[in-house]
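The structures come next, written out as structure tokens.
Each of the next two complexes has chain A plus one other chain: chain B in the first, chain C in the second.
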Partner chain A sequence: MRIGALFLGLFRLLVYTFLLAPLVIVVLASLNAGNFLTFPPQGLSLRWFWTFLENDVFIDAIVYSSILAAGATAVSLVIGTMAALYFVRHAKREAEIVRIGVLLPLILPEILTAIALLFFFYEIGIGTEYKIALFTGHVLMTLPFVFLNVTTSLQGRDDSIELAARTLGASRYTAFRRITLPLIAPGMATGGVFAFIISFDTFGISFILKGSGSAPLPIQLYDYLRFNFTPEAAAVSTVSIILTLVLVTLADLLFSRNSKA
Partner chain B sequence: MTEVSLRSLVKRYGKTEALKGISLNVRHGEFVSLLGPSGCGKSTTLKCIAGFEETSDGQILFDDRDISRKLPEDRDIGMVFQSYALFPHMTVAQNLAFGLEMRRLQKREITERVGRAMEMVQLTPYAERYPKALSGGQQQRVALARALVIEPKILLLDEPLANLDAKLRDEMRGFIRDLQKRVGITTIYVTHDQGEAMTMSDRVVVMFDGEIAQAAAPEDVYDKPASERVARFVGNANILELPVRTNDEAGVELGLPGGLSLTIQRPVPAANGTLGVMARPEQIALTDPAAGHLRGRISKRYFSGGHVEYHVETDLGPLVVLAPTSQSAKEGESVGLDFDASRLWPLPGRTGSAESRA
Partner chain C sequence: MRRFRASLLILPAAALIFLFIVLPYVTVLVMSFRAPGANGEPYGPGFGLQGYAQFFDEGYYLWSLPQSLLLGIVTTFVCLVLAYPIALHIAGARRRWRGLLYGIVLSPLLIGIVIRSYGWTILLGNSGVINSTLRDLGLIQRPLPLMYNDFGVVLALSHVFLPFMVLPLLSALQSMDPAVKQAARSLGARPFTIFRRVTFPVSMPGVQTGCILVFVLAISSYVTPALVGGMRVKTTTLLVVDALIDQFQWPFGSAMALILAVSAGVIVLIFARLTAMKWN
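Presenting the complex of A and B:
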């Protein structure tokens, strides 16, 4: 019994070490005072953070990635929520097709989705112009996360509550806004956070579809690391880790209070 | 106070007809139950009245105004769902207030009416609770109050007691019935439970296969079923097919084995050859083997507290008899059966085999 508990504890420790060690190393590496990206760091300093803050390329990339992620998340939230509503409430024989269709970008290797989109957009004559291909790719990548979370928050819900609201005098729209929306809001929030992070982080899609002009952060980092190997890259990574943590914590605070239902 | 009329209501799903022309008038303040097995169209009828389903043909009138093309929110109905359908993210008070908010009432009036409604269903101490913190019976009462607080024209109930345990169900029957009479609201109640329909309703509408088989007072549906199918669905029925000896203005004389006869003192038109008659289990009494209309042997005996149910093998097939516990017989015993001829009910349109089943 006690040995079992000990093993379980040890196993947990190993799992968390495996998951968190890279993050810790990146953060420590970003505090390196030396000139090269090495571990353990040679002295502690915040100098690479200042370098990063003065580097327009990275600041632009972070801003660009944030806007891209926000836009993709917004569109995914709308389409994903509608798809989830349809899937749970109305889909009959086609339900499985709808589900697999939406989840396909999650199931297929990212690179396949990227290449398929590239072919498609060249075929229709747009190519990688205007960032439409890139944006579409990001929406496709993030859609499954919204869909899955909203579906979960809808399943097990009583279908008749919206009808009950109608009999009480609420229009279709009011019934959705006052009854269904508050109930799926936590699912939408979780899905939205996932979507944002996935979009912020995704590499394959961005790499293939980015076209010319400004690039998302992962691409910019990759470009940078090909020619420079300084702790500035670690500093950039640290900043994006912090951004992610802040986002997740905010969403959690906002919606765990709200999910009495 | 509202009168509801259904006029030749038809509902088709593709090629199947779920409702084949339902016509029914529900009077002011009347409590009408739609009773039938699943798939008989009772729920579809209710959905059409509520506006959740569009009717394919026919009309639904509230006080002579055709509402069959109106949206549910414009029909002014109160509805209680089988699942209660309470809003899980709102407190009891907020649930009750919802319908009043939709009617854009003043805050003060809303508070006042919600307060009164909660008193009516004895839930005042639970105003700030969320539905999931309430028991099934309490949720049921919230659902009732929420439907009634808007003072709708009619109240619709869709199997509201199906999810409660037996004891609570009996309590809620009385509660709903009393409340309905007190409020005086026209009520349509859907159920597949004949006991529920009989104890609560002013009138029971028995439905089979998308059609009304009989619409009558509970006593009449029970004692004077319109068909064998109704007789069997509403309670236990012994159905005997007996040869007609004489049939005139005075009544029908039916032959029994052993040269005995039974006389129904009521003319039954078109009764020639044989006539199917129904006797409820409590309308047959156990007697001495030598006495009574019919002889038999008890094959099964079920004690159920208030009375005993006997399954009796007779020359006319197996019959079910419900007797008071004071009158006791053992399995295997020979008995005589005495029919209450005044309550035998003829089923002229009877179909099926001559053998009677319980």
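Presenting the complex of A and C:
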């Protein structure tokens, strides 16, 4: 029995290592001073970060991805929050259909959705022009995350407080702003952060719908990795990982302050 | 009036899903029955079954299907074996530790799929971390073939989708009343018997959801097989994208995508039926 427990503990440790290893290795590789991704590293250096900072392609891609993610998140936040309010407060028999419908972009294979959107926009004569298809795809991909998080923050909450406010003479708008909004704010914050990260990282949609001109970061990284083996890609990835960590930490701080109040 | 005002809330989401999910998927279905195009056109006038015929005529495409499905099944199995002890561990962990362990499990989700696959290429390559270390230790002369094959792809896919197995398992396990376990123990059941008769049946809905999620995600993933398999592991999804984007054969690519989706659906249904029969 003792040996069994030891074996199980070792197995768990291996799985946790397995989960973290590729991320740790990318960060370590970015500090490699050598010209190639050799191991063990030929000394430590930040030179690949400087190379990356001088490479307009990657800087442009990060800026482009951030703008795209911010735009998609803003639209998703509005549409997803409205849908969540409807789902928790008003949906009756159709609740299951609403839930599955809004979660469809998450359930369906991303690459197939991307192809479907490509055909659709081609058929209506827009194609991949003006980045409309790309933006729509990103809104679709991020919508389920806003919906799920806001739904969670609403469930188990009584909507009688809002009714009470209305009976006491608050206008519909005031009741929403003073009662409902503070209730769902943490869910919106978490959902928004999730949405931003998903949009920033999503591949299939961007790969199929990017069109001509500048491309989001994952696409540039993928194109680069197919033909290059320098640690510069690791430096770019490390920056992306740090950005994500900062975002998550910020949201966590915001969220824990909210739940204390 | 109240109903009407409320339904305005769902209107934007409903319109978005209908316009940009339902209609586009219908477009794919219609596209798969179109005639192939000539002179660089993605599709021609009229309809036909040529897209489907091409898939079944050429062994190169036809054989990719069972291989992809098998790759998905093996990945799902590996994920289940790796995820179960982790889910049990987190479900039973003290509050203080739970957050940290949860974070470790979720962390791969927050990092882009390109970066995660790239991490695996650094680890598994011929001059990668694992092969270099083994060579320096004198354990091997020639690098082990860890990448550009099914092994590497399954390993990387299992990593990429492991969180999707742990999370449903965890939520199923956490719904279990700890008193049931205690009751079984006080009635003299051994730990393994408790697991077999109490814990595992309770976690069955989580096993189902996790397996279906991982299987569907694995067979439809593009980046990981492309980077870690180095285009040498030809999955149907890679061939679909190749037919649509590089060869510009839209009816054929659509037919292939639908055949993959229907095959996956059949496997999911069989799996759901089998697991339901056993445990309900």
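Throughout what follows, the second predicted complex is superposed on the first by the 243 of 261 C-alpha atoms of A that agree within 3 Å, B and C clash if a C-alpha of one lies under 4 Å from a C-alpha of the other, contacts with A are read in each partner's own complex, and residues count from 1 in each chain.
FYI, a residue touches a chain if its C-beta (ideal position, glycine included) is under 8 Å from a C-beta of that chain, and two chains touch if they have at least 3 such contacts.
Remember, predicted model here, so these are calculated numbers, not experimental data.
S.K.: Given the alignment on chain A, is it a clash or a fit between chain B and chain C?
M.R.: Once both complexes are aligned on chain A, chain B and chain C fit side by side.
S.K.: Kindly classify A:251 by the partners it touches after superposition: chain B alone (first), chain C alone (second), both, or neither?
M.R.: neither
S.K.: So, does A:59 touch the first partner chain B, the second partner chain C, both, or neither?
M.R.: neither
S.K.: Given the touch rule stated above, what does A:161 touch, chain B (first), chain C (second), both, or neither?
M.R.: First partner only, chain B.
S.K.: Looking at A:178 after the superposition, I want to know if it touches chain B, chain C, both of them or none. Which is it: first, second, both, neither?
M.R.: first
S.K.: Check the residue A:70 against both partner chains and state whether it touches chain B (first), chain C (second), both, or neither.
M.R.: The answer is neither, since A:70 touches no partner chain.
S.K.: More chain A residues touched by chain B or by chain C?
M.R.: Looking at chain B versus chain C, the one contacting more residues of chain A is C.
S.K.: Give me the angle at the C-alpha centre of chain A between the C-alpha centres of chain B and chain C, rounded to the nearest 10 degrees.
M.R.: Once the structures are overlaid on A, chain A sees chain B and chain C at 100 degrees.
S.K.: Pick one for A:169: touches chain B only (first), chain C only (second), both, or neither.
M.R.: first
S.K.: After superposing the two complexes, find the smallest distance in angstrom between C-alpha atoms of chain B and C-alpha atoms of chain C.
M.R.: It is 9 Å, taken between the nearest C-alpha atoms.
S.K.: Would you please give the residues of chain A that touch chain B in one complex and also touch chain C in the other complex?
M.R.: none
S.K.: Which residues of chain C touch chain A once you look at their complex with the stated criterion?
M.R.: Spelled out, the residues of chain C in touch with chain A are 3, 6-7, 9-10, 12-14, 16-17, 20-21, 23-25, 27-28, 31, 42, 82-83, 85-86, 89, 101, 104-105, 107-108, 110-116, 118-123, 125, 127-129, 132-133, 136, 159, 162, 191, 216-217, 220-223, 226-227, 237, 240-241, 244-245, 250, 253-254, 257, 261.
S.K.: Touching residues of chain B toward chain A in the complex: what are they?
M.R.: Residue positions touching the partner: 50-52, 71-73, 75, 77-79, 81-83, 85-89, 98-99, 102-103, 130, 132, 146-147, 150, 156.
S.K.: Can you tell me which positions in chain A touch chain B when the two form their complex?
M.R.: 158, 160-161, 163-171, 174, 178-179, 182-183, 260-261
S.K.: Where on chain A does chain C make contact in their complex?
M.R.: Within the complex, chain A contacts chain C at residues 1, 8, 11-12, 15-16, 18-23, 25-26, 29, 36-40, 78-80, 82-83, 85-87, 89-91, 98, 101-102, 104-105, 107-113, 115-120, 122-123, 136, 139-140, 143, 147, 197, 200-204, 207-208, 217-218, 221-222, 225-226, 233-234, 237, 240-241, 244, 248.
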